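Common to both upcoming complexes is chain A, partnered first by chain B, then by chain C.
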Partner chain A sequence: MMKECKYIKEIIEKGTVEWPYRFFHQGLEMGRERCFRELEKSGLVGRGGAAFPTSKKWGSVWDTENVVLICNADEGEPGTFKDRYIMENNPAFLLESMLLSAFIVNARALYIYIRGEYTQAISLMKKEIDQADVVLDAYREKTGVKLEVEVVVGQGAYVCGDETSLINSIEGVRPNSRIKPPYPTQKGLFDAPTIVNNVETLCNLSLIIRDGGDFFSSLGVEGSRGTKLISLSGKIKNPGVYEIEMGKVSLREIIEELGGGIKGDHELKFVIPGGISTQLFVENEIDVMVDYCSLKQAGSALGSGAIIVADETVNAVEMAKNAADFFSKETCGICFPCKEGNRQIHNMLNKIYVFEGKREYLKLIREISETTSRAARCGLGQSAGNLLVSAIEKIPGDFTYYLPEIDLDRDEVKK
Partner chain B sequence: MRILINALAEIQKEFGYIPESEIKRLAIDMNMQKAQLYGVISFYSRLYTEKKGRNIIRICKSVTCGMNGSQSIREAVIAHLKIGDSMTTEDERFTLELVECLGLCNVAPVMTINDAVYENLTAEKAIEIIDSFD
Partner chain C sequence: MITLHINSQPIKVEAGTTILEAAKKLHYRIPTLCYKEGLSIYGGCRLCVVEVKGRSNLPIACAEEVQEGMEVFTHSDLVLETRRNIFQLLIANHPFDCQLNCLTCLKSSSCELRKLAEEIGVGQLKYEALHKPWTMDTSSRSVVIETSKCISCGRCVRTCNEIQHGGILTMSERGLATKVDTFMAKGLGNVDCTNCGQCILACPTGAIHEVYHVNQVIQAINDPDTHVVIQTAPAVRVAIGEEFGAPLGMNLEKKIVTALRKMGADKVFDTNFTADLTIIEEGTEFINRINHQGVLPIITSCSPGWIKFAEHNYPDLLPNISTCKSPQQMFGTLAKTYYAEKEKLSPDKIVSVSIMPCTAKKYELARDELKDDVDYVLTTRELAKLIRAYGLEFMNLPDGEYDQPFGISTGAAAIFGVSGGVMEAALRTGYELISGKELEELEFVDIRGLKGIKEAVVDIDGEKIRVAVANGLENAVQMLKHKEKYHFIEIMTCPGGCIGGGGQPISDVDNILEERMTGIYATDQKREIRKSHKNPAIIKLYEEFLGEPNGEKAHRLLHTHYMKR
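Right, the complex of A and B next:
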């Protein structure tokens, strides 16, 4: 029986045993240059979904003044709840990781943007920040900066998980995403160079400072160093947050051994490996290792680590309709193809579901998602079609069940 | 520095929604046009410019909850309260919202009422819980 990896989880569950804020103090002692070198050695990449090398992002603001650091806790991808788990179980660990990161990037301002649905996490984080005078004093002594930690509460817009939308949201304008370049690291919040990192990414940094970059990069595999928190949900016996060493366990092992397998007397039908923006796998594809490269090679992605498991009672059309519903509602609408494309796809799936669809819709859906993904400015539009198109390709029977053998007339898809 | 969406949330906390008079005041305070403020508010699904029911029921309809039977919960609640998505009961007791993932998928299907979370629901349990509110 495979044992769960508990690297980050150990701290989250037990707390920092030695003394409070030890990672932060250790970092202050080491100084920002040495901390940064450890980060470079670690090979850490962002855990929010984009998997961008953290040292590259931070390196790009190294010599700039007035850096703003934002911790992105606007976890909204359906199936993802690992950041909530961190904040609810050990808010102090996240706060110290944020402060440590702020110290390394020499930040003048520190924000955490938490989705409004996470009421418990919000109050715990606020409470933690209110009690952090001593650490903030230590920060000031070391850097001369009187850092204030602002909590911004999201009000229900998935697109704010995108870093430029999130910045707009804090600025108080409509949170559409911005055209890049300029990148936030060049011109971000109120024009200041801005670093946006996910909750889990920042927590990893504390471990890099504790154990050194070399140790961290000894975990995992090339391109996917360290561990990953997985949000496991769906038709699974033991849903929850699990930690895995990247590249060392397969999707099947996670489902069967960590998750206890499928709930009840059913068979596995498909698995979504990285949230509803990623391509699904059917039963004979799930021996793939879970890390950024392996999943990419297999035609999907690790995303934010939301593994959703479906058994044979789950109808792929219903699931696709559900995902399309999400994207057509959450598109910010600024790129026309994303707005219109997601609406059209949503309409077609709804028609299919009530037996009013046509065979050609399946082809149209694929074409529209391709166009959308090319024309889209942010991750939402770029990946909205992944799941649907893979469902049509891999589970065609569920779709054709609803469709006539041949299309009799060829009028356009109407609203 | 004052963060607009936090300020809006505070107003909503006080009044239950964001009244016109407060928007006027805030526009002056933050040196913005009223129209700009409405533009921002309308983007967010959790901010309201109209009065809502005393209790806001949110039922998740995203993928994991969907797989675990949220459809039947939604249908039962809709039939029980005789209102649809984003509607408020006549007695202003409830507003119903069918929402996207609440980040509670490990205990799906889920519903929240105000800030309380109800996990691993069935239709019967959901109705029972709803009836315990006034």
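Right, the complex of A and C next:
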């Protein structure tokens, strides 16, 4: 049984050649109120990782003037490549979804912030925008707003995936996260009310307008409506972007049926279900359904849908060390628990990796991670320790291998 | 009004109040580090985390506004543990365990980290000390940055940007390497820094401090071949006591005189004397500009931070700035000319030292056009260091009197130390010189106080003279937008004027500037002569040496010029 569902992917792959920008024109005809009602009915939540209800976000700027809409295409999460897939395969679909969304939130400015490494996506999007005069004219006719779509190219900071950092980056200042409140919807880009949404979220808008909110909400399960693009990678036979109906497929099914199982003659060791900020699952935990609630209940998160599969050749310590290297480069350097916590964790894991670790490190790493998750300023810091701590908990063998016994003895003598 | 509970106690506060402010009303002090009143909220240190019922993460008290029905716990177990751990993390990256850092640190007696450790309850290191490489920015003549001590709380950056309109300091690098730096890492001496030193006052860890001249001064004093003359600035005497437990704002000039004499200074003089002289020169310049359609408004030139700021940012305004040297530099010149002649000393045997509330004075003395007049500048803090180095029991010292001929000064000179003081002193003299009448009401209350921008209109013989006073460079920038409105402008670089200078003791008293200001005005009240042009020593100086105010000799010795930078 093939578990992939082809709801959004079909459009991405086949395109809408027969009638370009038809969803957008359909939205213009419906008017923004009716579009918004459909969005409310759909139960769509943000696909970037935070799963915030889109209608709630948009509703908060409904009567506001000068709204700025930013499409977040700074896909920096290791293991995620679904937005790239959309941009490279059907930039027109994204652009029309962006325009449709801009129409609904009554935006006066529209940005797309694309990860700098995505050179092909950048040039495709730019080209698409250059050719979109007719649509933009239609937009102006309907709304009276001469909308310009600006492409902003990211300079390579992971933290810019956070909406407030992204806004700072567009403003040309250091990309630190901002203190919330005020939320971007109150005071965002250059102090204007600002909506930031992920590529996939906006693309879903087109489908909601095409099929109606009720149909969209008939897909998926409570709290996780519609479908989700999954970036499947790691030690599997068929890595790639897949689409699933949320809550109807288990992690195991995704790996075995879509991914074709583990590559070569190896065993599954663990799975990271939502990018390197989420807790990993070991083999006996992966019968969990893939949707926001189920994964949360199981102690992890769906995040942006980056499922990374590891077999027994993968060393959990090495992976943890790489994750720590990553976070210590990518912390914005402003909030102390995140910066100093990652400094310590980075140091400890690097020492463990060269057999110079101490047993108490494992306790300290967990402690720092707890502190940081409670006190850090943005999502990066709050979730940076998730993967490491779950690795220590669930795959202790890998860690104790690196912690020499002689050190253990000495520690025990000390006590 | 919003009702909430803090630690189970009800409290009503205005909407928009932060948890930190509300807790303060209930007498709970929540530890803070990157927070500083008057600066924007940074939200970096996270030490002020609190628990709010119903919230899974811990919000920070400095940024989180109260909400109806909120239940806040400022010292729950979870909060305390989190705070301790954050502090542990932070302290593990601050070098305190090697090279006797704590002993030699500027903040050894006022270290905020030490106070926090006590408050938060941290007595032992938990995490491994991971120190940054030992780097120092010594490119500036006034201010040193010891990056290794920096904890990136951003207080200096915000002070520079928000109070001083500087934009000199910024966060650079990324990730763990994030640090405070100057544009393109050029170093403080190679960027548009005004040397005001407000960043020093803002820094909680002593990572920024002045360029020390203490050792050079001790050497000069100990050298039998040199003749050391020391001048003391108006704002030093009301602040030095803070270092020795004296009542706040107390004028301790007489003890400073004794202390310096006991150290072996050959002569102890008063900068106030040349402050009076500045008034005569600047007042005359102002009258001349009014009478001969000169460039107006005239802007004061006493504050070297402002001068450099103007040279960088307001080159068009340079003709407006009074050509008078600052009191420090006038003193330096007179010490090596008039005084040297009088005492039959060779000028190159004289070592001229000034004690200033200011770090920019260290830069000023080395300006090309002013070179060699003053040799060393000690800040108020360095004076305290020096007093301690000589083991003097400062508060028990007997009173001493300033040496002549630069020891007599007026109340007008004393108030140079506060924002609005130079203006007030100039008006006292200007009024009488222009109108020929005696000024009855000496206090110009409109231009007193700590407000950032102050204005007044003074009626002199039917002529309405409009004056403005600004302290803090951000305020100066705002005020200069309407500069055409005025005839006479006083600008002081530091908030409050020299009493808030970057070289002053670092205090955690909230109203410290007011205390120092009160001390300054009390000094003025007590002086017998309160107008600069009535200073008998000044009159004598003109008769014996300078000739006419703004005359050829006065101009050659007491005036200077500026350059576009």
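By our rule, the second predicted complex is superposed on the first by the 401 of 415 C-alpha atoms of A that agree within 3 Å, B and C clash if a C-alpha of one lies under 4 Å from a C-alpha of the other, contacts with A are read in each partner's own complex, and residues count from 1 in each chain.
Definition applied: a contact is a pair of C-beta atoms (placed from the backbone, for glycine too) under 8 Å apart; a residue touches a chain by one contact, two chains touch by 3 or more.
In this text the structure is predicted, and so the values were computed from the model without any measurement.
Colleague: Just checking: does A:336 make contact with chain B only, chain C only, both, or neither of them? Give me first, second, both or neither.
Modeller: After superposition on chain A, A:336 lies in contact with chain C alone.
Colleague: Check the residue A:367 against both partner chains and state whether it touches chain B (first), chain C (second), both, or neither.
Modeller: The second partner, chain C, only.
Colleague: Now for A:314: first (chain B), second (chain C), both, or neither, which partner does it touch?
Modeller: first
Colleague: I'd like to know which partner A:375 touches here: chain B for first, chain C for second, both or neither.
Modeller: The second partner, chain C, only.
Colleague: By the touch definition at the top of the document, which applies to A:295: first (chain B), second (chain C), both, or neither?
Modeller: Neither chain B nor chain C is touched by A:295.
Colleague: Can A:346 be said to touch chain B (first), chain C (second), both, or neither?
Modeller: A:346 contacts chain C only, not chain B.
Colleague: Taking the superposition on A as described, I'd like to know which of chain B and chain C A:155 touches: first, second, both or neither.
Modeller: Only chain B; A:155 stays clear of chain C.
Colleague: Is A:395 touching the first partner chain B, the second partner chain C, both, or neither of them?
Modeller: A:395: touches no partner chain.
Colleague: From the superposed pair, tell me which chain A residues show up as contacts to chain B and also as contacts to chain C.
Modeller: In the superposed arrangement, which is not itself an observed complex, chain A uses residues 157, 174, 329-330, 332 for both chain B and chain C.
Colleague: Hey, which residues of chain C end up touching chain A in the complex?
Modeller: The contact residues of chain C facing chain A are 41-47, 49, 57-58, 60, 63, 65, 78, 81-82, 85-86, 89-90, 92-93, 126-128, 130, 151-152, 154, 170-171, 173-178.
Colleague: Within the complex, which stretch of chain A touches chain B?
Modeller: Within the complex, chain A contacts chain B at residues 75-81, 84, 115-119, 150-158, 169-175, 231-235, 239-241, 272, 276, 306, 308, 310, 314, 318-319, 322-323, 325-326, 329-330, 332.
Colleague: In their complex, what parts of chain B are in touch with chain A?
Modeller: 3-6, 8-9, 30, 32, 36, 39-40, 43-47, 61-64, 66-68, 99-108, 112, 115
Colleague: For chain A, which residues count as touching chain C in their complex?
Modeller: Contacts found on chain A: 157, 174, 176, 179, 181, 328-337, 339-344, 346-348, 364, 367-368, 371, 373-377, 382.
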